[in-house]
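Given below, in the form of structure tokens, are the structures.
Both complexes below contain chain A, partnered by chain B and then by chain C.
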Partner chain A sequence: MKIDKVPVKGLSSKEYEKALKISWDPVLKYNWDNGKAIGRYLHELKKGRIIARVCDKCNRIMIPPRMFCEYCFRPTDRWQYVKDTGKVNTFAVSRVYWNAQRIPQGEPPIIPAVIEIDGASEGMGLLHLLGNVEPEDIKIGMKVRAVWKPENERTGSITDILYFEPVREKNPPKAKPAAKRR
Partner chain B sequence: MGMRKVAIVGAGITKFVRRAQETGPELAYQASKMALDSCGLKLKDIEMITLGTAPDAFDGVHMKGEYLLGGAGGNKKPYIRNFVGGGTGVFAPIHGWMHVASGMCDLCMVVCEEKMSSCHPHPQGAFLTIFDHTTEQPIKPTLIWIFALEMKRYMETYGLKPEDVARVAVKNKKNALDHPSAQVAEELTVEDIVNSEVLADPVHRLDISPASDGAAAVILASEHVAKRLTDKPVWIEGVGWNLDTAYWATKDLYYPRYVEKAARMAYDMAGIKEPHKEIQVAEPYDPFDYKELHHMEGLLLCERGEAARLTAEGYTARDGNLPICPSGGALGVGNPIAATGLMKVIEIFLQLRGEAGKRQVPGNPRVGLAQAWGDLMQVGTVIVLKR
Partner chain C sequence: MYKEKLEKNIECGSFPGQIPVNYVYTLGIAGDEFFRTIRDKGYFIASKCSCGKKYIPAQMYCDECFGECKEYVKVGTEGELYSYTECYYDYRGNKYDEPHLLGLVKFRDCEGGIIHRLKINKDEIRIGMKVEAVFKPQKQRTGSVEDILYFKKK
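Moving on, here comes the complex of A and B:
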């Protein structure tokens, strides 16, 4: 057989504008239950602490916490606080929002990172943001600490941590928050 | 293992485009019809059908398998959809292989379809809900971020520069100039890639495959039926798949262990001991340029950290020692997710039959591999083909 001619036509953006089409902006709302492990995790975030769950069989100290160990396939055993410091496992300097729309020129980038949390098992990382740092000064392996929202503004969410900032000998005064998000 | 031999005997594919005029079912129909015609079969000859298509959120159609049923020829037949994110396009023929290898049927059609252009302002937005709803979505991540995070970790581990990675995009977009389905085939330089718009450093716009609409289909047959239908059956000798944890930030992203596990499963079944010597042409999944390198390593086609150097030396060019993505890959042909994986299987099918036209790699290859990848840096799906 030979495949040299293939069907299907793509429309130019102009043709697409003119084409008849039906559209729908869904208005849906989901309320997601947290379960026991994440429920406690969120309560602790509200208090400015990060909590893990420990499996005494494989000795993993796990964040986010979970009520069962996926490897030992048994209930986890106990709660354990971990630190709100860690090190940068990897990071990126983003010029796009979640929907791929561009961050306007002149506004700072968003800097997502995987942060390995001190006190959790080796390699246990969280997705969060870096702030109060110039992108060119970030290094993989860099020590960072959580910058929390003021207590009265916390809602019991991962965003109660505004971002992680480098641990410096002497920290400069708290600077601008991370880039605004849509 | 007590399983029957299964061959690919026919294939069909549409053009990959942005904003297809055709609906999803129409895309599926075009590819399916071409696949049937290619081996002289009618829909009534097909006993069972498997369908692969990625997130419902792209189309905004819930129950996409059922929506595509008619276009995939599935009315009143044993028909089932499978879905493992970006890994779907290679899992779908594995799923079809199960149907035939088990003895459940002699002829199974495998159809993969994707229409990403229905989602606005950009299909990337539909990916928000793949992240954990409580611990990650409030940070408003995009899929581009986790690619950027993984790419950074990979580059840092081996000391790679953006140019080392960009060569993959240059190669694949150029290879795609010879593919009739290609959406973004172009002759570009490494400078064009590294100087393109930064989306999430280290990811630039031209490091990424486009959003696409398209479909592909293959016909699978048991041994006795395959030999009746064609002189050139291409046998599915090995299949493998594997999923790693959904806590993606808790594993080291520099190396895809789950891809290695999937590959070893397929190699064991195919009796392949030294994949870097025995695989003669490969189509690893390349939604981003660094992913081709990452996957070559995970598939044990080279040593860890060596893929970029081999690419620079021309080892992976169409006329190199081990041609990688001679089709032009997702980076050049386009990336209608599930259809891309099956496009890769079709490319190896054509290469092993010596029917890839201008894309034909030299040396009459007998053994090839296609791989897809997806979910949250989580799944590897691998198929080994031999003639």
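Moving on, here comes the complex of A and C:
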């Protein structure tokens, strides 16, 4: 049967209002096994530190940590703490929430960003949020630092870091020409 | 080879969460008719295909011949207990104060059936017994399966 012969039509809003409906809100809980690398990583986040994993063969310091080097095809070798500062690798300004709902007028947009962490290999970073900054002021490569939750509120989650905020130079006049040259 | 011992990081060994997946689902043409009849008239209807098969709950197409079920016929409120079970916990894992009896009720000459609560004495219950639906008072009915309170012994 040809598709245009199938007697199918969508409901108009009026018909939808009139139609009988069922709605449901299922409880879909899960408990995800973190594995060794992410388990330790989250444990360290709870303590307010960021930890990476090092492969001694390719000398990469990897963040988020992983137990296996996908370049060298061998287990990684050791743990190493890295800083909670970094620079913006890329970012986006979102005016919708994760569920595609529009952010109300007047509320700040959500700014997801990839932060290259200081102390880790170049290009290694976290996907997180930028905060305490106007979207127009964000520059690729700008220095940022983590803003942590108070210690008693941390749960061992990436959200133990609330967001990354710009590191503001103490001597703005000196910093400005440097930024121009770049 | 990989020889490192397990870390004692049990605290963050797993990550709990919950996925919101709520939905609104329209009942469809036949489903709408079926539940509207329960709401407004207080009995069950079946959809009937030209090949003679009847379906309850009403459905638009015949499983047997793929024909459209163009006719609705009154079935009433009486059926036959096809199977039953006793439940101690609800679907979220909370224990019931008293065990619930759930049964599949089939209707005469109809395909399908309705699964619902039973309010029947445990000594009297048996497969094949005649049962009858008890509905909410008409004003409280909303056109859902919850308009049926339970099935009782006929």
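Note that in this section the second predicted complex is superposed on the first by the 143 of 182 C-alpha atoms of A that agree within 3 Å, B and C clash if a C-alpha of one lies under 4 Å from a C-alpha of the other, contacts with A are read in each partner's own complex, and residues count from 1 in each chain.
The working rule: contacts are C-beta pairs under 8 Å (C-beta built on N, C-alpha and C of every residue); 3 or more make two chains touch, one makes a residue touch a chain.
Just so we're clear, the structure is a prediction, and the values are computed from it rather than from any experiment.
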Counting residues of chain A touched by each of chain B and chain C, the higher count belongs to B
Checklist entry - Is A:Trp24 touching the first partner chain B, the second partner chain C, both, or neither of them? => result both
Of the partners chain B and chain C, which touch A:Ala100 in the superposed model: first, second, both, neither? first
Inquiry  = Applying the document's definition of touch, where does A:Lys14 land relative to chain B and chain C: first, second, both, or neither?
reply    = neither
| query | First (chain B), second (chain C), both or neither: which does A:Pro75 touch? | reply | second
Check: Just chain B (first), just chain C (second), both, or neither: which does A:Met67 touch?
Finding: second
Which of the two partners, first being chain B and second being chain C, lies in contact with A:Gly156: first, second, both, or neither?
second
- request: Could you say whether A:Lys36 touches chain B, chain C, both of them, or neither, answering first, second, both or neither?
  value: second
The shared contact residues of chain A with chain B and chain C are 11, 16, 19, 23-24, 26, 30, 32, 34, 42, 99, 157
Interface with chain B, chain A side, in the complex: residues 1-13, 15-16, 19, 23-24, 26, 30, 32, 34, 38, 41-42, 62-64, 70, 89-101, 109, 112-114, 123-129, 135, 140, 157-159, 181-182
In the complex, chain C touches chain A at residues 1-2, 4, 6-7, 9, 11-27, 31-32, 35-36, 92, 143-144
So, in the complex, the side of chain A touching chain C is made of residues 11, 16, 19-34, 36, 39-40, 42-43, 46, 67, 75, 99, 156-157
Contacts from chain B onto chain A in the complex sit at residues 10-15, 17-22, 27, 30, 34, 38-39, 60, 120-122, 124-125, 128, 131-136, 138-142, 144-146, 148-153, 156, 180-181, 183, 197-203, 213-215, 245, 247, 249-253, 346, 350, 353, 355, 357
